[in-house]
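One chain, chain A, appears in both complexes that follow, with chain B as partner in the first and chain C in the second.
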Partner chain A sequence: MATDAMKSQVAAKWQEAFQRLNGDSPGISGLMKFSEAWAISVQFLYPWDISSVPVDVDGRPYGEILYIGKDLEAARPAFNVVNRSKKLPALLETFLDDVRKNFYLVENEITQYMARYEEHQSTDEIRGLISRLVEWYRAWAPPPDLGAAVFQSYTLNFQTRLFSALPPSFTGGFKNLCATLLSPPSAEDAIVAVWRDFDILGLIERYETIIASVGYEYIEEYVLRTCTGEWGKPMLDDLRIWMSEKVVPWLLHVYARGATTPDEARTMLQGVGSRFDFHINKTLCDLRTREIFDVIIDYPDSMGALQDLRDCMQRVDQRADLVAALRKQNQKRLLNPGADTKLILQQYVSTIKCLRIVDPPGVLLFKVADPIRRYLRDRPDTIRSIVANLVGDDDDENGESLVDDVDAVPIQQHDFDDYSDPNWEPEPIDAGPEFRANKPSDVISTLVSIYDSKDLFVKELQVLLAQRLLMITKDGSDRVEKERKNIEILKIRFGESALQVCEVMLRDMTDSKRINTHVQAQKSSRLQPTIISRHFWPALESSDLVMPGQFHKLQEDYAHEFNVFKPDKKLKWLPHLGTVQLELELEDRKVQADVPPLEAAFIELFSDKPVWTLDELIVAVGSVNRSAAIKALSTWVDLGVLKEDPENTFNLLEKAEEGQSAAAAARERDTAKLVAPIADIPALSGTQLQQAEQMRVYWKFIEGMLTNLGGLPLDRIQTMLKFAPGYDKTIEQLASFLEAARREGHLVVRDGVWRLNPGHEA
Partner chain B sequence: MEQLNTPAAPPRPAPKSNVASSGQQVAGSVAKRLSNELMTLMMSASPGISAFPKHDGNLFEWAGTIEGPSETVYAGLTFKISIMFPSNYPYVPPSIKFDTPCFHPNVDIASGQICLDILQDKWSAVYSVQTILLSLQSLLGEPNNASPLNSEAAGLWSDPSAFKNNVLRHYRAVSEPSS
Partner chain C sequence: MKVNVKQWHAVAQWRWDTGNAEPEDDGEGDVCGICRVPYEGCCPSCKMPGDDCPLIWGECTHVFHMHCLLKWIGTVASKQQCPMDRKPWVTAERKIGSTPS
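Our next item is the complex of A and B:
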């Protein structure tokens, strides 16, 4: 029940509201006037269907203005009335409500445009849609007379509705449109207009990330297109120029649209510009990281790429990625059995040089090199390859030498930090604990440091030198000189004392020449021996070859003369290492050949007896390897001097065989000429064989200690083996050796204690 | 050929060579001799005898193994001995004793002492570990009953089956040093 007080209060309120609307006008005429003004205002603002009426550029309809109540002159007084009555918020609310109700008109158009876009995928549709949306927006906009607040809430409202109405496919279309604006076919004005439209609709703020991604993708595409495989010169500067010419103007539209002066624009662009610059760096860095393996292969033609990489690395922290990528590539493409050791070494050297450019302190190199070094260590011919390269033993002249630095410097064993060095710098932060900052040492030092000591190299060097010296036939003094020169250079690297043995070997060469001259002067002989000091030469493979007939006689005569000259020395012949120049006189022809001694020995035997079996031959020259014997005999068969008939029986062909087709014989002779004179590389027991021999000695020691001391753990065996002379194996090597012995049943192991296998009879 | 006489490798500081690290200056040459003997012994394939230094870094204490010669009462048995080299070896014989109890006329069953002329007054510097071991092996088959340390064994020698029973009674198989 309403009380009196309440009634009077309601009445007072009513009066007040009435007063406000009616003003001072008599009766309700003020009220009538307000009502009219309200109606006009609402009508004026009403969001109309612009498709129904032609409009001008500002969204003002022409023609039947009055009909739809869009006469601003008429509406202005009405706005004033509404404003005076403090009903503007209510009017705004009504207006926005009308916008909501009529927004379906806009939505319909969006649907139409998007349907067409989805059909043709043409960005023109998107462009059209945006222009059309701007028209809608403008047509519905309230006049400025209503104040900025009204306009702003309209804009916000319109944009909110618009964004929620745009379908997901619009994003893609918008992105494409932005992309076309980057490489514009259309005129500058049109572009400006489009960006203005974007701005009006608030699309730039809304889709900023998309616009940026358009820019990023554009950059990526360009970088990949221009830089892939282009390693010759640094690309980064060109890219930056391109960026400032092509990308920055585009950026100006997006990020500096409010700028009035160039300076202002620059400030506005600063942040985003550096983001895009970073992106260029990153894209290039990624690209080069992917290409790094091939870049290294191409070194030094890929200097540009490496410089780029170095510069990019300073901005982009991708060092770990580079290491991972390179390691993976190395694993896949380099460190497999299919790759030649020489190639691996070459790639390793290139890697060293390349990564020094990218990262002078060498942290990257250290991380990348580790697997390569470990792999090389396991390859049996690594040392040989390195040494061969050191002495310039490359068969192919055009093969790039690993060693191209002219200045030979002593091999550096890695040195420790010099704390008194005023220029000392801390290790880079991503350096691992094992990292050794090897100061830019030369490539040879690095290669030699693959192994723990340089002794291995010196040994292999001796073997190689021995091989090369023994290959020298009688007039090869200039080659000896060449070897001497090599050794002199290597001395600088490895030190005088390490190469003393090589020195002796070279001296043997000159001495034997001198001795030979002397002996020949006493009694001339066809024999031209090289006299070597057994102790200082690597173990030469021994042979039981005994030269028969006249060869033996020659040897004995020579040895006799030698003994007269040097009574305290005794010659021990290594006949299998020589070469023999032969001239065979057969009934119908003469055959000349340079052959290895075994061949000569065999053919000498045939001068006594024309038919020999293989076994007889082998016995007659001492005992030689059967396959070697067959090979030697086949040389003569190929030359048409011997014939095998029946199997394992050889006949001397005093007359050239006519039965075989002459062509085949000729062909065989051709190949024979090529093959026969090429003597084998002097058979040296390489370091591997020597090692096997050493291991045999160590095995005796292991057997001895296990017999007498019972079971021993690995580390005891290792220390006990110090009793064996020259024992230099690591405990890991020993472990694998013991493991091998276990597999063969010589040893058993339990709880880490090794014992002789009692059941096994060696 | 002056050069030939200079060593091939530079004299390297040798912290590694444990052989000589037992300290004594004079021991250097003795250690070298022992090291050579060890090498010879290891590389010679004498069946049934063997010896090796007991501890790394010490060449003066060896453990040896002698297998009983076939066709003797000791056939199939293995005897452990220890060999101690004096610092003035080889001018003085090494002292040798059986670790495995050995019932033998010339061996003291309790202490393992051996009565063998070449280990006493007949010692000569040309003997080596290898010759000693070979002598010991043959001593097992041919005891010198004229100067017995174990008179009971000397007495029983003529009765092979009783002798063998005694040998087996005293013999304890080579026990592995517990590790």
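Our next item is the complex of A and C:
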């Protein structure tokens, strides 16, 4: 039961509460007054249905004000009473409770608007909904007299209810509405109003990510539309200008609302502005990364795109993506059997140049180049292509030379870090462990460095030079000069000593001309030889061709004159090389032709005897390759001079056959066909054949060691051969050579041990 | 039919006429006994073969690159002897036309 103490306590509380409500008024008059004031306050604040009453622009009803007790003047004293009695919190609670109860009114309207929106997908509905929501919000808002705290609680409460009431489809609608505001057809005032409404309802904070995504999407769309395939000039600056003109005003509404001065706005925009700028960079970077392969193809017309890429890369860390994209594209579009080696080289060179623009230290290049280089190394004709380019072999073709650096520098074999270099910089952070900072060296060095040694190049260069020099027929001093110029340039790259041999070859050319002039002065001859120094020219395929008849006489005569001029030297003819300019006098026609010596030898034979069999012909010119002989004879058949009938028997046609002569005449006009036979590459063996030749020298060593030591494994043979002078073959080359020897029956191999084949000794 | 040769662009190699009947072309040919480089090559101190690096014939029938031999003769150790047979070196007349051509 209640004790006295408790009773007195309750009494004191009661007294206190009573005192607070009643004040100093006599009796319960204060209490009555408070009660009245409470009723008025609640009535004033009551969230009413604005659809039922016309309202003015501030959301205040007009007309039957008194009827619903919305007279602020009347309500103010009541508020004061409630406030004085410290019952404001209770009043607020009641009010918020009323809001909760009546919020269904708002929800109903939201449902109506959203239903219409879903039907028409028109952002006007969303705009309407938002204006309407603002009206509701304003109509229900408590007057400022009640203090900021009450207002804030109301706002928070209203917004919370509103957000929970908005259906999911509202998000999409809102986004669309924002997008229409970005590229507005409507007037500035209207836009300002919309953003104000958003702000009032707290939609900006709530949907900030959506608003931002609208901006991002807008940027993406614009970048893709304007920059795709536009590689000629840098786009980044244009994009920034566009952004400050189109996007920044929009951003001002969102992020700098309430800013009073431009300076203030600028500080408010700083963070978000750089976020949007980043997005431009990223979008552009992504785009260029996707396009990179074609950008490289278009180089140097795509400089702009590359500069953009470089600038973007500084803001956006997408280097790994670029490498991955380019490698993938290369794999798919470049490094396949269908691509020409020259094309791959061209693209590789372009890649080098492009990526140097994007990333001067060369880390990207290193990562991208690696697969290309590995692929090129496996192609058999890579060296030839590179060398052909070095000497400008294809300058009569359409392709531009790979090499257009004017300032040739010596080829750098990779050098090591110079630790005493005060300007030394650490390798870039994404450089892998195998990264070798190749200092900005020239393209040729990079190409040559595909292979481990430059010797291969020098050898191939010699072969190529030899071919080109021997192709020079008539007075070709300017072409020799051109070759000399080439060699001078290459000397700077490869070093003087490496190209010494080429120097000798060139001198042979000028010497030949000098000797020839002298010999011709003594005794004019139609024979104009190129006299070469053996050992200095690449191994020329040997031939047993013997020139018959007048050709032999010409050779003899010339050799004699030469011997008179140079008593201590003699000439050894390489009869299968060179070209002969012939005129055949037949009974009814004359045929002119530039042909290789074998063709000339054959037709000379026919001047003695009109019918020859193939075998007779071959014997008569020494022994030549049968297929070469057939090819040579078919040249004459094509020209209508010979006829094969029956098979392998050739007849001279003193009189042109019907149809044949027509065909011949047709061909005569087609001069390209006439000179076609000599357009063939002179019979020089390529480096591969040369290597096999060289290997033959070491065969004696191998044979000796296997005789003395019995069986040996491959690596032992390699180790021992290294003692042999000048041995520079790799173990792979040795293996393939031994394999070839095994096929020929010289060797047998069991369990990796090589032995001489005992059965083959005989 | 008559075949008229208007012009013939041919290719030939020059050889030193060493007087030794040369076996038909195979391998590297004869080499200088001092530097072991073929006669048609050039001695180690030369870059151009041929007239710039001629041969020298001895009475003893040995043939060397002239530069190689002069260098050898220039040394005290040579005692003016042919390095092949240690006979006193006597330069021979060139054997012009000694081989039937």
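By definition in this document, the second predicted complex is superposed on the first by the 580 of 762 C-alpha atoms of A that agree within 3 Å, B and C clash if a C-alpha of one lies under 4 Å from a C-alpha of the other, contacts with A are read in each partner's own complex, and residues count from 1 in each chain.
By our rule, a contact is a pair of C-beta atoms (placed from the backbone, for glycine too) under 8 Å apart; a residue touches a chain by one contact, two chains touch by 3 or more.
On a predicted model such as this, the values are computed, not experimentally measured, just so you know.
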Which superposed partner A:Glu654 touches (first chain B, second chain C, both, neither): second
Touching partner for A:Glu503 - first (chain B), second (chain C), both, neither: both
Touching partner for A:Ser533 - first (chain B), second (chain C), both, neither: both
First (chain B), second (chain C), both or neither touched by A:Leu574: second
Chain A residues touched - chain C or chain B, whichever exceeds: C
Touched partner set for A:Thr719, first chain B, second chain C, both or neither: first
Partner chain in contact with A:Lys700 - chain B first, chain C second, else both or neither: first
Touched partner set for A:Val753, first chain B, second chain C, both or neither: first
Partner chain in contact with A:Leu554 - chain B first, chain C second, else both or neither: second
Contacts of A:Ile603 with chain B and chain C, given as first, second, both or neither: second
Residues of chain A at both interfaces, chain B in one complex, chain C in the other: 500, 503-504, 507, 511, 533, 535-536
List of chain A residues in touch with chain C within their complex: 470, 473-474, 500, 503-504, 507, 511, 526-536, 540, 542, 549-551, 554-555, 559-560, 563, 566-575, 577-587, 597, 600, 603-604, 606-607, 610, 652, 654
Residue numbers on chain A that touch chain B, as the complex places them: 497-498, 500-501, 503-504, 507, 511, 533, 535-536, 697, 700-701, 703-705, 707-713, 716, 719-720, 722-725, 753
Residue ranges of chain B in contact with chain A within the complex: 1, 3-4, 6, 8-10, 16-19, 35, 38-39, 41-43, 50-54, 56-57, 59, 62-65, 80, 174, 176-177, 179
Residue numbers on chain C that touch chain A, as the complex places them: 1-17, 25, 28-29, 38, 40-41, 47-50, 54-55, 94, 96-97, 99, 101
